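Chain nomenclature is as follows: A, B, C and D, assigned in order of appearance, with residue numbering initiated at 1 for each chain independently.
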Amino acid sequence: MRIIIDERGKKYLIKNEEFHSDFGFIKKEDIEKSKEGDVLKTHMGREFKVLKPNINDYIDLMERKCSIILPKDIGVVTAYTALGSGQRVVEAGTGSGATALYFGNIVGKNGEVTSYEIREDFAQIAEKNIAGFGLENVQVKFQDVKDGIQERDVDLVFLDLPKPWDVVESAAQSLKIGGYLAAYNPYIEQVLTLHKVLKKFGFSDLKSLECILREIEVKNKGTRPKTRMVGHTGYLTFARIL
Amino acid sequence: MRIIIDERGKKYLIKNEEFHSDFGFIKKEDIEKSKEGDVLKTHMGREFKVLKPNINDYIDLMERKCSIILPKDIGVVTAYTALGSGQRVVEAGTGSGATALYFGNIVGKNGEVTSYEIREDFAQIAEKNIAGFGLENVQVKFQDVKDGIQERDVDLVFLDLPKPWDVVESAAQSLKIGGYLAAYNPYIEQVLTLHKVLKKFGFSDLKSLECILREIEVKNKGTRPKTRMVGHTGYLTFARIL
Amino acid sequence: MRIIIDERGKKYLIKNEEFHSDFGFIKKEDIEKSKEGDVLKTHMGREFKVLKPNINDYIDLMERKCSIILPKDIGVVTAYTALGSGQRVVEAGTGSGATALYFGNIVGKNGEVTSYEIREDFAQIAEKNIAGFGLENVQVKFQDVKDGIQERDVDLVFLDLPKPWDVVESAAQSLKIGGYLAAYNPYIEQVLTLHKVLKKFGFSDLKSLECILREIEVKNKGTRPKTRMVGHTGYLTFARIL
Amino acid sequence: MRIIIDERGKKYLIKNEEFHSDFGFIKKEDIEKSKEGDVLKTHMGREFKVLKPNINDYIDLMERKCSIILPKDIGVVTAYTALGSGQRVVEAGTGSGATALYFGNIVGKNGEVTSYEIREDFAQIAEKNIAGFGLENVQVKFQDVKDGIQERDVDLVFLDLPKPWDVVESAAQSLKIGGYLAAYNPYIEQVLTLHKVLKKFGFSDLKSLECILREIEVKNKGTRPKTRMVGHTGYLTFARIL
């Protein structure tokens, strides 16, 4: 798998295939033989840089069937739950697999990510996306997480569900001592219900927050925050088994 | 090393020592024998939960000689640079070692973090903090990073320096293709100079942003963002060698 | 009434009295005779500039018994309700009178502000504050606004009450066609209840928002948003009788 | 002049003319005879509410040749400069006249607004807009404000110009003691230059800030800040002649 970048900076994900664009075509074997940093030319003489995609490049270009959680929010989840190499993560639901890929990249070969998804079409896309990147430590379970989390001694249970409270009791049994539950929810009403249920099942260190990202435009005519921005994605709620 | 938590939720970091507080004392050997989840009693009968500290617990309680970068910003750096298990990171300066510890936790045993620090007192504290947590993949170099980065094929160069532009040329040589430079700077003037120098040395995909974190108070009397918040920490600037 | 400003920029409100500070004293008659822009000297030779206070100077320095609504929020209320000279405003509760003063300054001699306050101590302070500034178009009613608003043909009903919904029906009768109800509430739960009741009593154009103010530090060492900021004051809700 | 509102809440500004829409037409004389609160029917039987427009209704529907300053920013200017009935305001440039209308509404019959505009097409539109609303206290000067502000004893000089520093010296002479200069600027570089020049010409109490407005969506499925928001309009800078 390669990414090739055209002269305008646009990136294309290439998997064992010929490349066609308005800048011309590149043969499959030329792409396969290329190494990172090489420059490939189309039959029209236009240049493309070759890159091995990292997890962000890949997620940007892979197939999606639903909206994905933004890097800002995944980053804050990572930092607030001390996620690291070798850890065990359970997530629900999988969606297109972006978060699972992201977590899989961090926990690495000695860690593992299990992701529950109730919709078969999402589970299939996610499995294809995960296999496409070659992560072997991420498993998609086409299964309703409300029927219970089988994994034990887990470091992080991450919930991106309309009713995360349905899984709180099960998460409490699944998490190791010191482990974290983290939930992503668009609506404040979800946060309120979740807090009640988290307290009921003995979670500690409850915290809810929003991460607001402001991009800064640095241009010749001047510097300023961008005119349009994402105003809200979701509230992040954290709790811990102590 | 253990963390013990009192009945109010307050955490204490314990390293081979007796514990004393206004709730009474606990003997060194009792702490050493304890397992995660155990409950220890002081001579006054007060209970303390035992926990193995994760990287966040440890950073909160370790010795500091200067202010540290907040988790929100470290999280966004992690997410925007696709940081993961097995990667190689260079950082400057080390400060108290919090960022180095955080990166070390993510890159794991198969990765490595090298952190440059020009001040001997900071380098010593950081080394003590890193050794204290037992991370063997993090190395502190008591060395001026402006004299050059020795490491090659690096995934991320992270700069928390007053003049990060002094290191841009050296970072360009140190980074592998596709690798990231990330910089943390409080002042907008720093961002402007950095952008100019990044462009001069051929970096791509320049992006600057701010991460604003709003904590939400969920209480019986009602729900609201907290009255006081951190208004600004630093701008984050990202660039890539392509 | 005068404001005098010391060499550090600190302001003092003076009402028919001698002035004493660590910079020395100034005689009552010297202050009374002074005109805006004059410089007065203390017996120690320190200089004080004389100023006629505007409504903001006065509110900053007047006596307060409770926290007041910040200018950012009052400004947004003014702008969103098209408040102007000659209009009629009803407010509840009065508190220390800051908002009443602010509205009184805008509606002017041809307009009027009636402010309901249930606590006698607040009503007294507010009356004193309003008389002190010399606004004759602002009236404080020591009366429970839940017993009904007597005023009719009102342009704006502004509610800073724990349960603003108790007054919605009464406000609907009080407002002229096209008039606005505006409410200031710290908690999101208050906003939700208020919306339900506003709809029930036929209000249109419902809108809720937050105004977040970021101060920018412009210093020699660099420019940046301030480190600490007010994270939240209150939600502003607007509705209209159409 | 009337506003008529259709069954969906959409507003139309009507000036001595027949009304046509996909809901049918209403005769000119029916609109002219109508009073606020009346319901007019089209020949198709669809109902329209009649309203006398306030300044916000009018600005929303009047002709514009350029982008206008948002109410959030005008509101903060009003609040931070203690603007009120009877005051004298100078502004530059006029643009479509929205700010001039807004200030004119606040200062009322006993106050006055003078607005400088260097572009003839903008000055003409603004004059038409101001006459259309019937404000007699607002005057547009088709004149380069850099040639000097003629007005004296002014309470507020408001600058929405690319280079507001060109007018600082002139503003200092125009303002009364205690008066304010306020400037609206999209770029941070403009703020820095303005601060330098304001200090040079003896202004006090310099302050720069940003007003960020977050709209809250209150819907049946839940409550949340809106997904998309305005990320930045302009920095507001305030200074005072003391």
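One rule holds for everything that comes next: a contact is a pair of C-beta atoms (placed from the backbone, for glycine too) under 8 Å apart; a residue touches a chain by one contact, two chains touch by 3 or more.
Remember, it's a predicted structure, so these values are computed and weren't measured experimentally.
Although subunit B and subunit C carry the same sequence, what matters here is overlap: shared residue numbers make up over half of all numbers found at their interface.
Ranking every chain by how far its Cα centroid lies from the centroid of subunit D, the top place goes to B.
Spacing of subunit A relative to subunit C, judged by their CA centroids, is 47 angstrom.
One simple way to say how far apart two chains are is to compare their mean CA positions; for subunit B and subunit C this gives 44 Å. The distance from the centre of subunit C to the centre of subunit D, with each centre set as the mean of the Cα atoms, comes to 22 Å. Shared contact sites, meaning residues of subunit D that touch two or more other chains, fall at 188, 210, 214-215, 223, 225. Every residue of subunit D that touches subunit C in the complex is listed here, in rising order: 5, 9, 36-37, 49, 51-52, 54-57, 71-72, 74-86, 102, 105-111, 176-178, 188, 191-192, 195, 204-216, 218, 223, 225, 235, 242.
Interface residues of subunit B facing subunit C in the complex, by the touch rule stated above, are 186-190, 210, 214-215, 221-233.
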